[in-house]
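The structure under discussion appears below in the form of structure tokens.
Letters are used for the chains, namely A, B, C, D, E and F, taken in the order the chains are written, and counting of residues starts over at 1 for each.
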Amino acid sequence: MALSDATRERLKGVSTATLSTALFKRGLRHQMIQGVLPLSPPGATSMVGEAFTLRTIPAREDLDGMAVLRDLANPQRRAIEECPPGAVMVIDSRKDARAASAGGILVTRLQVRGVAGIVTDGGFRDSAEIAALRIPSYHARPSAPISLALHHAVDANVPIGCGDAPVFPGDVVVGDADGVIVVPAHLADEIAAEAAEMTAYEDFVTEQVRGGQSIFGLYPPTDESNLARFEVWRKEKGR
Amino acid sequence: MALSDATRERLKGVSTATLSTALFKRGLRHQMIQGVLPLSPPGATSMVGEAFTLRTIPAREDLDGMAVLRDLANPQRRAIEECPPGAVMVIDSRKDARAASAGGILVTRLQVRGVAGIVTDGGFRDSAEIAALRIPSYHARPSAPISLALHHAVDANVPIGCGDAPVFPGDVVVGDADGVIVVPAHLADEIAAEAAEMTAYEDFVTEQVRGGQSIFGLYPPTDESNLARFEVWRKEKGR
Amino acid sequence: MALSDATRERLKGVSTATLSTALFKRGLRHQMIQGVLPLSPPGATSMVGEAFTLRTIPAREDLDGMAVLRDLANPQRRAIEECPPGAVMVIDSRKDARAASAGGILVTRLQVRGVAGIVTDGGFRDSAEIAALRIPSYHARPSAPISLALHHAVDANVPIGCGDAPVFPGDVVVGDADGVIVVPAHLADEIAAEAAEMTAYEDFVTEQVRGGQSIFGLYPPTDESNLARFEVWRKEKGR
Amino acid sequence: MALSDATRERLKGVSTATLSTALFKRGLRHQMIQGVLPLSPPGATSMVGEAFTLRTIPAREDLDGMAVLRDLANPQRRAIEECPPGAVMVIDSRKDARAASAGGILVTRLQVRGVAGIVTDGGFRDSAEIAALRIPSYHARPSAPISLALHHAVDANVPIGCGDAPVFPGDVVVGDADGVIVVPAHLADEIAAEAAEMTAYEDFVTEQVRGGQSIFGLYPPTDESNLARFEVWRKEKGR
Amino acid sequence: MALSDATRERLKGVSTATLSTALFKRGLRHQMIQGVLPLSPPGATSMVGEAFTLRTIPAREDLDGMAVLRDLANPQRRAIEECPPGAVMVIDSRKDARAASAGGILVTRLQVRGVAGIVTDGGFRDSAEIAALRIPSYHARPSAPISLALHHAVDANVPIGCGDAPVFPGDVVVGDADGVIVVPAHLADEIAAEAAEMTAYEDFVTEQVRGGQSIFGLYPPTDESNLARFEVWRKEKGR
Amino acid sequence: MALSDATRERLKGVSTATLSTALFKRGLRHQMIQGVLPLSPPGATSMVGEAFTLRTIPAREDLDGMAVLRDLANPQRRAIEECPPGAVMVIDSRKDARAASAGGILVTRLQVRGVAGIVTDGGFRDSAEIAALRIPSYHARPSAPISLALHHAVDANVPIGCGDAPVFPGDVVVGDADGVIVVPAHLADEIAAEAAEMTAYEDFVTEQVRGGQSIFGLYPPTDESNLARFEVWRKEKGR
């Protein structure tokens, strides 16, 4: 189920907070990738893309020497070249940030290739360099040690865990200043539509609250007059 | 015991570090709320206000559905409307930042209502939006998931723990770039006065150290000539 | 084995990531001080200096009252005055950031004395003030409580652990935006030389990747034509 | 809603594992008190009783000296005398086992008073003595330091969190070798009845598996012939 | 590379401690599955078998309802029926023991099928029942909640991480009172032989130390006369 | 200040819980070694001895190969031969139990040499063998990996931290089923005397509570009639 352009655009305009509420309404409570933050302040729109996953296990010293990097079949290096443009690479680093999940050169390559973002529940090396790139990137903390010291890449595009969230290839990954959330692929269209509606109402509420209105009856709109005022507001704002 | 204007002003001019030392001298070693940081760089003065507390327990799925937000008796929503202007709302989130303690709309409402600040040992959603507000806010880390997923608000203005510190309603809460400290209500006046004195001496010391003086004899002032020079300095500076 | 000026300069131009790789090649996998970050964005060059260590154990209330600060023999205060210019002070705070390892006045004194940097696996108080100094500083997180509450300084310039890394006096300590790494003294010259070479190649690679080249064959250079092009590039760049 | 004798007896014969499954079917996923184990091997029946709660916050040195123990209004000491016979005392120790939640004398008093059990998400002192009592007791680990060092009891019989589970007074608390689970009061009867049925089938399954049958079709009973055989078995066993 | 009967027998007679030393000599430092212990006191011989792995990711509520257990293709249930006799089932539970990795019925089935042991870096439910079985079992702690609450089984017999150790299908897994270690398949024969030799010397040393000899020169045998005495001892003991 | 025979005998008869209370009365709140438990059930008397300390830092691969064990100057091996009979060896393993602090042969040697006990805030290998010895031993958990993998012994009989407690050589170390506590050397006599008195009263209280008396007025003895009855009891019991 491919991510449509319409849904991608809608998701760029909503927050992970709003998405988490929409998912919660459907009984999905564990879709947030816990403990990751953006390396640089997010831009005006959210990071959006389908998940392309990379799976690692703990390194084994006889397998994970420098030589492994020279092997074109190395799953980490292959993933960098194979992750589709527009996708988000999500790395299962087993929440271990003591060695790097990737570094500046690899993330630069992803940016050049048109990848939409990169997420690890470990850490990136060259973090200042990555922060200066345009590609959205999320990790737990900077981590200089070479990945081989702790991470053995095993395969790509299989279901993984990342930051205690389940991530299936093709799930829609959205990131903003609060972190990264995973929308199951089959729900992406309906969640995007609902979240866009919720966002309009939240923007209306924020404006009212700034103007001095109480949250009672407004958020949520238990006083229905607020819904009527919202409809007027939408027309005025063209939303 | 109400927080006097004089004490409030004094506390705005002292740091949590200095306050921790003044409390330490009285045998109080656990008043720092551990593990929380400001969402945005603090301004020129410290956050100061009496504690208005909110207590949560782990959520239970049958009690904590979306409907609970429509209930005017919901302790979280009531607390937002009832926290007094000038107070600091302190939320016991049981050090669990996997779901939000509050979000942008509620914190905006607190700002409009004149609340002095908000602190949780969990996390806030809409963290970029909150960081852009003028109200000081402190948390462990951003957290997008809806609060209902993990937090059940039970009551307000009761003694709580927050970040391993005891917080009684009416205690005086002070925050700066290092975090948040809790001054027991009955000590607020004397601690504020003592900390203001200490701050003057520390400012003097900093100036001397910048000028090349050794810390020996100066910090602490075991060489009494430094105290004499300090008195001269105070007069010059009008402090 | 003193740190030569040439090696110091070379190390200023390389990253902790590159150094970690050079150390990994020699079988050294645990030299990164885990979990520390700079208080302010690093400058154009890395922090470099020989380690001058300070060791702490948990505080004992009868030994660690305010009076201890008046004692010129207090190892913490002595270390501040004795750490050599050009050295990096490294504090073993047992990864406990619940009380401060040092504060603004002491770190200012280090800066005035020409010390190259300060690192703790605990936290600093007055963190905003320290962040505004020119001396590079690294910690786990801000921490206002007075050090006496948890830390008893026992001795200086002995081997310590810091952030799970072994640190021997005289080891060469290097810090950048990713954190801090410890280069064993006897390896400093050869590691610096090798890392400088690696950095030149990485800069070349980054430029090629920005220009659209795949990492295959380039990083690492399994396609030898890249090495030839690198030699041309070095001459052009004068590196 | 009082715990009936019939439900109490049924619950004595079922495991926390089976109860967790019955609760999971109703959407309740967080009722297990995480991280607590029995101090001594459980007996033939599970611990069962209605929750009588005790709430603590972090201690404050000026409030929590030895004198507080002489105060008959001290909530901890009162709770020991007021917890009803047949109830289970559940202590919110904020998952902090660095100081004791209670000790041998207090737990002995609970046993004499006919209390059904005691649970803390902290630790007990005098753990060997408590382990030798007949009253079921659960904690995270032994902890000798006096409770005053870290725990300030604030009130009893209010909703609390314990080991990340919500506990409301009157909820039914069940414990076995796997730990402790909390059944919401209004569900106790139906959960007990369902769990007793499930236990009968599980006992049948265990017997079949010991006899060599595959779990396929049997557990769960997707092959309905197993249900028929189960009915025969129940009659034979009188269950 | 199949595990030979000779190597299996040798490994039954050596400890995980001795194996860790033999692996350390070959540069392998991370083969111990950290944080797992046996549910019941180990017998006279170590658990030995080739790894048959099961991989899980975090559960997703819409995928992991009760219905999934009725699906014969469910990887967890299939693994129980497909794990070869003589093998050790090793489950990657992502070090999350808040829900069960398996329970009494499934482990009983493994025992009946002749499986050599079961290991998870999470927890088992029905822990008292499993402890009473003859099959060696290792986990982090008891955990009653149904596995579906947190664990989604994705595939079997792929490389996994377990307790921070890499585990490849066919690796030889050995367990004793200290926990579980993973011997890479291609090293099993030589490691077993070497460890058996080391064990003989350690047994000799233990006897000498019990008799009052210093460890100096004996352990390790820097005084060669000890090697000569060892040779005599071996002949006497027939080892 | 040597540990007198009288004090040693008194301490054998008191619990770590009672000692923690006596230390708390003197303002000492952090003397318990957190997180360690005995490898085997303690005997009738507590472990008592003066602290002989061993300090470790993180291992460095080039220094901590197998060869280091052949060096008679290795601080770990020397400590085993030099720890005085009657003392307790306390190892600062930096709370890292991922590799062993010591194993069966070394602990056997300590037992033969008459050492009173051994404590680490890491873990022991050969834990079943050590548990079967007569020497009291305490650790965080079993740990098979060779100590060289993580621990580099640097010196002996210096002040250390162990399990977040300060330990000075000569401090009196006491252990029972609850764990291990450190009594500062200069307080040992008075603490022992006071704790023995407290123990007598606690034994009296336990007997009264078993007989049905309320704790009110009895524990602590705010009703002075209990003190009178205690005096009678002491005479009867000869205590």
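The rule we apply is simple: a residue touches a chain if its C-beta (ideal position, glycine included) is under 8 Å from a C-beta of that chain, and two chains touch if they have at least 3 such contacts.
Quick caveat: nothing in here was measured; it's all calculated off a predicted structure.
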Strictly by the touch rule at the top, which chains does chain B share as contacts with chain F? C, D
Among all chains, whose Cα centre is located farthest from the one for chain A? F
Numbering shared by both copies at the chain B-chain A contact, with half separating same from different: different
Can you tell me which pair among B-D, D-F or C-F shares over half of its residue-numbered contact pairs with A-C? D-F
Chain E to chain F: how many Å between their CA centres? 32
Intercentroid distance (Cα basis), chain F paired with chain A, Å: 49
Taking each chain's centre as the mean of its CA atoms, how far is chain A from chain E in angstrom? 37
Which positions in chain A touch two or more other chains at once? 27, 29
Which word fits how the chains touch one another: line, ring, star, complete or other? other
Of all possible chain pairs, which ones touch? A-B, A-C, A-E, B-C, B-D, C-F, D-E, D-F, E-F
Can you list the residues on chain C that touch chain F in the complex? 26-31, 56-63, 94, 96, 152, 154-155, 158-161, 164-167, 184
Spell out the part of chain B that touches chain C in their complex, as residue ranges. 15-17, 19-21, 24-25, 29, 32, 34-35, 37, 41-42, 176-179, 181, 202, 205-206, 209-210, 212, 214-216, 219-220, 222
Which of the residues in chain C come into contact with chain B in the complex? 66, 69-70, 72, 77, 80-81, 98, 100, 103-106, 108-109, 112, 125-128, 141-146, 148-149
